[in-house]
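Structures incoming, each one as structure tokens.
Shared between the two complexes below is chain A, which has chain B as its partner in the first and chain C in the second.
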Partner chain A sequence: MVIIRRVKPLPYWIIPIIALLAGIAISVIILYVLMGASPAAVLSAIVYGFTRPGVVAKTFVALTIVGIALLVSFKGSIWNIGGEGQITFGLMAATWVALFTALPYINPGLAQASMILLAMVAGGVWALLAALPRAYLGLDEVPVTLIMNYIAYYIVDILVRGPWLGKHVYNYIRTDTIPSQVMFPQVPGTTMTWDGLLLLIILLIGVWYLLKNTSIGLRIKILGNNPNLLRSSGISVPLMIIVALTISGIIAGSVGALYLGGDVYRISYPIEVHTANYGYTGILVAWLSMLELIAVPIAAYIVSALYTAGIQYQILVGGHLGQLITAGSAIVDVFIGSILLMYTILITISEYKIRIIVKKR
Partner chain B sequence: MPGSIASFIIGVSSIFLAYYLAAVGHGLMEKSGVLNLAIDGVFTLGVAVAFAISVYTFSVPLAIFIAMIVAALFGLMLAFITTKLPISHGAAGLSTMFLGYGLAALVGLPARQLQINGRSLATIQPSLGGTWIWFYVVAFAVAVGVWCLVEKTKIGAAIRAAGENPASAEALGVNVLAVRLFASGVGYALIGIGAALFELAYTQVWSQGAGMGYGWIAFAISLSAGRHPILILISAMIFAVLDKYRFLIAAIYNLPPDVGKMLPFVAAIAAMIIFMVTPLRRKLAPPKSLGKIYFREERSV
Partner chain C sequence: MAAEANNAKPTFLSPPQEGEKPIVSLRGITKRFPGVIALDHIDLDIYPGTVHALLGENGAGKSTLVKVLYGIYTPDEGEIIINGRPTRLTSPADAINTGIVMVSQSPQIIDTLTVAENIILGLEKYNHLVPVTKVYKIIREESKRVGIKIEPSIEVWRLSYTQKQLVEILRAILLGAKVLLLDEAITYLPIEEKQRFYKFIRQFADEGGTVVLITHKIYEAMDVADKITVLRRGKVAGHLDRKEATIEKIRALMFGERSAEITYERLPTAQPEPKTVLEVKDLWVMGDFGGYAVQGVSLEVKKGEVLGIAGVAGNGQKELIQAIMRLRPIIKGRIIYNGEDITRKTTYYLRINGVGYIPDLPAKYGVSIENSIIENIAVLPVYSRGIINWDKVKELALKLIKEYEIKTPSPDTPVKFLSGGNIMKVLVARELTVATNLLVAYNPTRALDEATAIKVRKVIKEKVLKNKVSAIIASEDLDEIFQISDRIAVMNSGKIVGVFPADKAKREEIEHLMVM
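Right, the complex of A and B next:
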């Protein structure tokens, strides 16, 4: 096998598409071998996902926002794998506003806005905590952000089982349902909320402006490509690492508020089982977008369709695996893993040619 | 109280060995220069495979063996794609991690269903027949073995060379691909055995997501001991005690049990930070080319 650099790289959109198809093919084979899932059923679940924009909308909005969030830090070569923890912290902050302040009864609009804003602050703080050892000690941010996801889960678990345990929950361990005033209104015919849609548009424009027209955006991009240039122009590299990761956490945190106000309306114990895993799934969105902001919604649509397909497949055929089983998230993980792996491997062929040469004896 | 000391030593033996093998395998792989971010996914998969095989065949040795083989295959794949192709070690590792999570659930769930329907699980009881003594013997034997392999043999020198500077190593006649395949294959085999013991000798229950996060603890154990096979004995012991007694610790201080769940993860971050701020970091520096893309076909002049 000989690998040669191409004179001209392939157009950048080709790789995600090939990776997607190859990844789906591998997933179908894995599901067939391990679960005996008929490929036709899996494919029809995928078609279902792709052809129901109304159903997919909720996931689409969440994953686009997470994708944007991760894009900001990935642009700076800071691998924020802690979206999940930042979302969980956002969820916690939003729950506090909704359940333990009088705001929902005084001014619902203001309450919804403060849920989202406080969720962003909480997500930002959680990311900042991971950014400090990365910036000043050089501790790899991947294990730190990942391990912090678990810590965030358990902090919320402690609250839900302790002081936040609801009064009207029968024997379930969960918080009370949030007041109807702060349940985000839905866009008719879809599963997404007006709040989510509005936030998505604001964030898309905001991050576009940040990366295109501000010095912070430029510095984050230089951080990703050539940190030595930053250093030699007198800009603090640790500070830029902190800025990139914190902005990423702030944006990701908002998804926690959307998840609470537009989807679950309460936190159930244990959160690590009830999470939607948007923080992990968002990594796939950010990578498939090739770190192009404009491609994030496209990637998010594809991924949310697959996400919905995984859940849908479970509903369709879940029966034969037994009733206790939540294989939906496992199927989503298989999709994510195989597509990402294909993408990581295939990215080579955009710049290199692979030739198999058989040696003659 | 000799009785309570004995029960302590027996109690932590299984989780100590599981953590030790996973951490030392991880360290061996990273010595050869392959950044290993897939550890948690493959650990989770190893746990699920060991559980499933144990339920299907009721054979502990077979369960450990299959978990080892499955994990080793993932190690070989990771070493191959990161050495042969110019791709990011981090991206390859994380994608494999997700694949591991998904496969783990798909492998474990049908066996869990069988178990609910009455099939039992073959396990190892550390307290039975002095098994726990063998756990410690194996840990120390592996520690000495890996240390000798890395520091005293030709293969070890080649592994370290591949981790420090693969281009020079290649020029001196080391086959970097073969060395990395060897280190990753053996490393992941150890991770697989560790995962199997975690399931069969320590937790002995399985539900979806079992083992998730513990691969990262092993990662932190290895990193905070500078990937040194002997020093990992100490950090693995600390985390084993913490893991075994975390609910007791939470109860003593009258804290909710979820604080206990959180403890190992907080300690993992603390251990990594301690390693980074103390002189340990310079004494036991990571391999210079760890995680750097090494692309043989395209050598800079």
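Right, the complex of A and C next:
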């Protein structure tokens, strides 16, 4: 048996599809072996997840937006692992608008828009802080953005335990619930909000235009392929790094506002337990999309369906497996971990093929 | 160079004996890529103990042919016969096991390892186990035999391009190469190394080795090769023996009618205006590994003239050019462009003010090979501010493709699918278009075939004469320097050691100053 480099690489869209199927198969096996979960129940949960667009919608919107955000920086080979932190900062900014300004009572529409816009600004600022050392000191953005996720959690935790602690929360440590005026209206029959859907459409078109028709978009792509060309063209590489990472943070930040206004309506302490982890799950979405913008919603739908499947599984079998009542999120992690692992392996080996040669004597 | 190789000829001459069997034969080799037939039923016999030159214009299929022989591409049709046996090569490992090793234009060795480690790695990978302790000794001995000096314990990133190429070649020899494929591997070595290397090649062939040599320097091929095969548009245009090969014959086979345009005559001398476009005053610039690469250089370029900078590679030309383009920090001294002190200004300032730039190593510094031709044009600030007008850029791309005969299926094709010379054409065409006031270039015709190189020089000179554009061109190719320059400055060890009006300059004197 020999392993040789492929002369013609596989069509690139094959890899995410195989990764997905193999990842699901492995998840089913892992869940069966480790938790005794019946494959039939797991598979039926998966089918449920994939066939309920209305239920999946909320997660789908959030993951698509995060996927778009990460795609922008990934295109520039800037590995933004800080989606979580940027979302958390967005969440913080939106909460401030909703709870500590008079805007919701004066003009609810403007208040909702402000929540989203300010969340974007906050996400952008948080990303910018990671971009500066990357651009000017060459500090690797992966650990920096990762660490900044935790710093963002702690800042929010401090706020929630201290100045932002709600007045009507009994013994819970959390903020007050935001006024109903700024709870984003739901699209009937789905879990998503009009605000989220609108934002999703604007961002998809906006980023498509950015990458296709603007000099910034082109330069981000060239930053990812050969920054030397930017230099010799007279374009500042540090500036492009800052632009790519900040745009990424701005987009990711908006998800914080959607999470507040369309999902949780308040921040509970500790945030690191109550976060939806969209910032991390979004990395999977971006990779599965192979950094093609049109594939981001598809990847997001698949991942959010699996996300929903995990939670559905918990509901389906929770009764039987008493102690595993919290298994829902663990199952999501198993799905996502297996798929990402398969994806990584496949990307590596896709350049090679395995041939069995029978030696004739 | 030509003279020396000619003198050496009698001792080297070893024509293949009649009836000797080819070590490698190609029969009907065909390779298609989307939109092009790179190789179209190629028949070729390569005999042991010969240096076989493979010539052809840019995009003729030379690289594709040796890549087929090295197992990188598998042919769509046809047969490779090695030592009389039909053989399928599906990877470089296959090729190496049959004794075929390729060295290409760009070094493939790993930067973070030492020379010795790189070589050991190569050997282990192909099961030629050598005790580590012996490797240093072998490297030292072998490198002496090849006529080069390489310290085995040095990390590769500290090496110059020349040294890296020599390590590549050394590695190939230690791998036990019987057939050495050299794809423009030595074209860009400094003259001295090149001569030594050609001697080694001759010796290697005389001892029974086989060399397939790709180069755009036809005279060099005629000096060193026993046989010459010319490719044209994927087909064999002709096989020639050394005895029957004349430069006219070869050029006619390579270029057809275009060969009539080839001339090394000096292009008309410009009549510069009194205005100084570029002035460099007492410039000091660091090299990559510490130490001053440019040591107090002063020079001047008038409006509408070409200043050629002659010199052996590695004497500070690269650093000087980069400093002028504001891509390298200036430690001391000043640069004045159009009356404006640009010592503290950025590359951007130059780029939006009519400066074109052709860097050394085009694929590394001048284009992004993953991006398309039009994207590689649009990236320049003069073409894209804010929103890109793709229709306009595309129109320009199509114009340049036609004007420079860039071989590509479309302007949207990623540059990586182009041949080496055609990648260079994309860069040169783009930069000549933006150079409305000044062209700063280092080896502007690197990788281009003879006809195209001369055409590019003519285009530059025409802009200088007609549009009063200025140019500062550093080149390791003296033919180029003499053909295009109005004044020649010689650079040696970081200093300008002489400036001459080109029509009065003597070649011997310049050569002497270069190596002094």
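FYI, the second predicted complex is superposed on the first by the 338 of 361 C-alpha atoms of A that agree within 3 Å, B and C clash if a C-alpha of one lies under 4 Å from a C-alpha of the other, contacts with A are read in each partner's own complex, and residues count from 1 in each chain.
Heads up, the rule we're going with is that a residue touches a chain if its C-beta (ideal position, glycine included) is under 8 Å from a C-beta of that chain, and two chains touch if they have at least 3 such contacts.
All of these numbers come straight from a predicted model, not from anything done at the bench.
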item: Touching partner for A:347 - first (chain B), second (chain C), both, neither; value: first
item: Partner chain in contact with A:229 - chain B first, chain C second, else both or neither; value: second
item: Partner chain(s) touched by A:213 [first = chain B, second = chain C, both, neither]; value: second
item: Which superposed partner A:157 touches (first chain B, second chain C, both, neither); value: first
item: Which superposed partner A:221 touches (first chain B, second chain C, both, neither); value: second
item: Dominant toucher of chain A (residue count), chain B or chain C; value: B
item: Doubly contacted chain A residues - partners chain C and chain B; value: 4-5
item: Chain A-touching residues of chain B, taken from the complex the two chains share; value: 37, 40-41, 81, 84-88, 90-92, 94-107, 109-110, 112-113, 116, 208-209, 213, 216, 219-220, 223, 256, 258-259, 261-262, 265-266, 268-269, 272-273, 276-277, 295, 297-298
item: Partner chain C, residues of chain A touching it in the complex; value: 4-5, 7, 213-215, 218-219, 221-222, 225-226, 228-236
item: Contacting residues of chain A [partner chain B, same complex]; value: 1-5, 30-31, 34-35, 79, 81, 133, 137-139, 142-144, 146-148, 150-151, 154-155, 157-158, 161-162, 272-273, 280, 283, 287, 321-322, 324-327, 329-338, 340-341, 343-345, 347-348, 352
item: Chain C to chain A touching residues, read off their complex; value: 72-74, 90-91, 93, 325, 327, 346-352, 357, 359, 364-371, 375-376, 378-381, 384-388, 390
